[in-house]
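One chain, chain A, appears in both complexes that follow, with chain B as partner in the first and chain C in the second.
Moving on, here comes the complex of A and B:
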């Protein structure tokens, strides 16, 4: 491990900015809230800011993205396909552990199965990832329940942990090692691992005091979801509160559902567009011939939590589909963010 | 920094959002966490506004019609052409159809153009008369035309009543706030014939027969009066005409009301008890296509007044606007009768004030709404329209007869194809402007994307037109228009762009006494007294039902859903909301009518079986959709199924649209 002084953070950013577009948490000047955004000015980066309202997933898997472009010639009936290759290298600085785990879930969905998604791969291989340990949890956090924080274990190029006045830097890749050497960071010595562990342990033990909004003992819920022993009344109770806005999927660091549309442009070309989608929508599962295997809203809700927490699904991600960031609880117009649903499942609430 | 703060432009809730802008295009949207009302939530529409803002189906240049064909011309040429035509018109000959989605600045100048330049009071929005009626009732009763409180204290409420509409669909984030208050302990009751999601989330759901909601409110008032829970001392001190209202209540026949509404006495008694004992009570009703009618709004106002829920400052009546700047449009005087700031055209002093402010004569005769003009005004020769496509379905033949139709729009649509002159407008993300939500919260939405050179904001193109017609209009920016609004509209007098820029909305009245805006209106009122809003003809309950006919045993009502409303051209340009709409429509390609399981089994109907709906003047064939949401004896058609409207509803839609309380008597037959 290495030491990064506060005064060296800017050096790290400037170095990264030579080859990458910089993204990181910044505060909105009027609302005061934190957004994981493209940084136009290095000083916008706020490494002490709470967990950003938006996960960085949009940087690899944008809300709206052209995945190919084609032109159909009506006369010759030929199609000319154009590849999309304008994707720039990006550095994500100050990633929280939950969001880094989210990216790794997306990797397993887009890259780890039978088909490899080329566009996602293109984004992914150009990334430089700098994670940032949460030395103290934020009110909405429950990553200790989902084994995804407060410190990252893998997946980063560099990992920062604030120990006292300076950052301990753990290297996670060759790219990271090269960066550390180029910056000439000071080695932290053999005791560093112990210091980091102490910071992380302190953070974990302060969850009771600081992470007060959500609790989600998910192992029990995983058991019940996997075995299917949840009463239909519980799902109905949950379904009645669903406003069908899709927000829970859009803000989830691991949700990967998308929709594909062909959009005709005025210049005669057609864009094939990928947009975020959500299993909470009725049209999402509708098939030709009127059949919809998940027509009632409670069946669609049920599916989402099955995807996040069931054992069979977790095997695909190599972890639960929930990373404990608590965002779904904040954006839900109903009251059915994941931590609440876990509570309902545990209590088997059937009404009020 | 590709995420920019802004205000959602769909419904009247006015949620805060962040638009992701890359290389001059809006690429995504995210909820703004710190927004005081939406607090980081958006609905399905709000989550897809970037899809609309990406569309290339825009009006990107000016057009004039020559020999029946539209020809693209330079913007200057189109404006000069329009000015020449307008020169020959005035007063009765022209009408102005405004947009409830346009900004206050655009709307203010559109109204000023109608009144000060063209001397016409024929100025209105299309089908949102509910907001205007609501303003009238509230003005008459308490001197303020809008919500008596905002949502900031809703969580402390112990009583919330939702009257009519389908709030979780129309204004989902408002419904979400009510849901939160319910979880914090408020007693939530819904009164609506249909079983809506709000009704499912309520502790009590009353389902009066269509057309009888006013009777329910009067019955509640009567019960509270009978049980001697009325504070006469308070009424004497704070109201002008309570004795008239008490006399009216005494004449009410409670048994008859129970019979007509179909509601059990116990349920009414419970609701009356909850309301009268509440410390902080709110009622919500929608304004827009599905608003309540005047009589029902008046009955609701009177109920809140007699129970003392209006005088305490907090709580009270919250009309929920269906479209983004619906309230702001009325604040800016887009009405035949109201000048900006709710001054009346019929009032000589108000007219003089505006003649002084505008330095020109204005027409003293109150005008008519655009629909009324199209239907009745034989001397109508021209129409000026801002971003609209609804009227077209009903009045297309009359519009085709007009000599001149000038259309200002951002998106291509059917109305534009009828125009003689088309002037492009920026989308709301391409211009600065303020929007006023249902809470009276005025929010500044800054330009985030540069429009094409020929696309100029409405305030600018109107200024050029006014100059060409000899008026001294010199506005350099939307900010300057707001500076004039703050001089003209008393409620906006303390508003500046500077103040708005550093806030997430300021609630009017903003003036010398309330420089930071006003949360609840009544708290800060002087000693002005309240009035009960009494209708002369409201006594004849049975008259409402005189037409009850055995030939047409079903009561048909219409409603709208969250994906499509008003057949609106906006949602069609999105992907996900459009797909959701199609998901329903594909199941019922000819449209559907919802019927209760009881009636379906009595008539031996299967799901999706074709039925014929017959009214006095028209008939239609569509599929039956058996629904747990409608009561026996009632039928429901969602208003958004556009394909059904020209065929059947068109002839009756004017009636149905007035408000939710209207229903159409129909009969229903099996086909084949």
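Moving on, here comes the complex of A and C:
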């Protein structure tokens, strides 16, 4: 491990900025919200800021993305199809462990199944990832219950842990190693590992203050969901509170459903765009001719929780589909974020 | 993208519509060839698979493949139902379409050699079964009894009349037809296809059944087939879902824990029962 002084953070950023577009948590001046955003200026990065309200998934999997452009001339029967590539290397600095785990879920889902998603792959190819240990959890967090924090274990190029006044730097890749060497960071002694462990342990123990309710119940809920033993009434109860707004899907670091549409432009070309979609929307499964195999909202609603918690979905992500960031609970107008859903499942089990 | 990469995953391959036939009311068959010779050569399918078809300027839709993997003209048969299929129906011979695929698991073929094969279709449910029927008939001596039970609303709604006449000329291909209501000039059976299945003598031992049709027909036919003694794991069907990618990523076609595009579209009835969702 190495030491990175607070004063050296800027050096790291400048070095990264030579080859990468920089993204990281910054405070929005108007709303005061923390957002994971493009950093126009190195000073915008705020490593001490609370968890950003949006996960970084949009950088690899944009809300709205043109994937193909074509032009078809019906008179001459000429077709020209052009693949749109977005090959700008990007550095994501200050990723929280939950969000890094979210990216790894997306990697395994988009790149590790029967087919490789070539569009995601283009985005993923040239990334530099710098994670940031949560030395203190935030009120919405429950990553300890989903095994995705407060410190990252893998997937990063560099991992930062604030220990006292400076950062302990753990290297996770050759790219990361090259970077610390180029920066000439001071090597930390053998006691560094113990120091990091102490910081992480303290962070974990402080979860007791707010993640009390559902701790240890997520695995029970997973068991119930996988075996299909949750009564339809529970889903009905949850479904009745759903506004079908899709916000949970959009702030979820691992939700990756998308829609594809061909949009005709005035210049006679057509863009094939892919956009985020959500299984909570009624039209999600509607086929041409209006046949819709899923109708009631609870029938659609439980699909999302199935993705987050079931074992069969975990096999695709090689970990639970929920990374415990708590964003769904924060944005849901119907108060059925994942922690509450686990509570309802728990109440069914215990008969509270 | 590599020019030899099959299936075609991301960028559609351009194909020319060479002939269009009116099959039945609102259903047309489009014969096509790929513009690039190397794709034309490399494009191989299994019966039961599907493709994603782009109608330029309108969008893309999933469609099952009705042609045999061997020595059959490439075509799709499509009913006008939504925006994109309506645009497809406007095309003329010489127009271009885009093709991605083929995708999906397909019907079993090698595994069912030596068995009796029963096809039960309702309406345009014959489209996805056609590929397997032609393939099996091309290898007729390697199978036991081969039977088609086909029902439609009226005689005008029976698909592939021309193909059926050709198949009937094949030795040992048993066909049974029914229409929902009596019609002048119709001498065949009248009633739903499940009623016809109940009536005829079907083998149960060493038999597989392929069923495709609207959900109501599907459930009633399965019931009859089971009464005949055909095992749930020997009844196959192909499912349809709203699809956007065809490669297991967009998740629109999720049924239970499976995705129709990569785990299906062909399922046994035994599997369908465990999906826990409407089909």
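Some points to look at:
By our rule, the second predicted complex is superposed on the first by the 334 of 352 C-alpha atoms of A that agree within 3 Å, B and C clash if a C-alpha of one lies under 4 Å from a C-alpha of the other, contacts with A are read in each partner's own complex, and residues count from 1 in each chain.
One rule holds in what follows: contacts are C-beta pairs under 8 Å (C-beta built on N, C-alpha and C of every residue); 3 or more make two chains touch, one makes a residue touch a chain.
Since the model is a prediction, treat every value here as computed from it, not as a measurement.
Clash-free side-by-side placement of chain B and chain C is the outcome of superposition onto chain A. By the touch criterion defined above, A:294 reaches chain C but does not reach chain B. By the document's definition of touching, of the two partners only chain C reaches A:257; chain B does not. When the shared chain is aligned, chain B and chain C each come close enough to touch A:277. In the superposed pair of complexes, A:228 makes contact with chain C only, with no contact to chain B. Between the C-alpha centres of chain B and chain C, as viewed from that of chain A, the superposed structures give an angle of 80°, to the nearest 10. In the overlay built on the shared chain, the residue A:333 is in contact with chain B alone; chain C does not reach it.
Contacts of A:286 after superposition: both chain B and chain C are touched. Legend: residue contacts after superposition of the two complexes on their common chain; A:30 is shown touching chain B, with no touch to chain C. Of all Cα pairs spanning chain B and chain C in the superposition, the closest are 8 Å apart.
Once both structures are placed on chain A, chain A residues 259, 261, 277, 286 are touched by chain B and, in the other complex, by chain C.
Contacts from chain C toward chain A in the complex involve residues 1, 9-12, 14, 16, 54, 56-61, 81-85, 94-96, 98, 240-242, 244-245, 247-252, 254-255, 257, 262, 276-279.
For chain A in complex with chain C, the touching residues are 67-68, 70, 72, 74, 77, 79, 81, 83, 109-110, 113-119, 228, 256-262, 264, 270, 272, 274, 277, 279, 284-289, 293-294, 299, 303, 306, 310, 312-313. Put simply, chain A touches chain B in their complex at residues 26, 28, 30-33, 35, 37-40, 44, 53-54, 58, 62-64, 240-241, 243-247, 250, 259, 261, 263, 265-266, 273, 275, 277, 281-283, 286, 290, 292, 330-335. Within the complex formed with chain A, the chain B residues making contact are 1-3, 5, 16, 18, 20, 27-35, 40-44, 46-47, 50-51, 54, 56, 168, 172-173, 175-176, 179-180, 183, 197, 200-201, 502-504, 575-576, 579-580, 582-584, 586-587.
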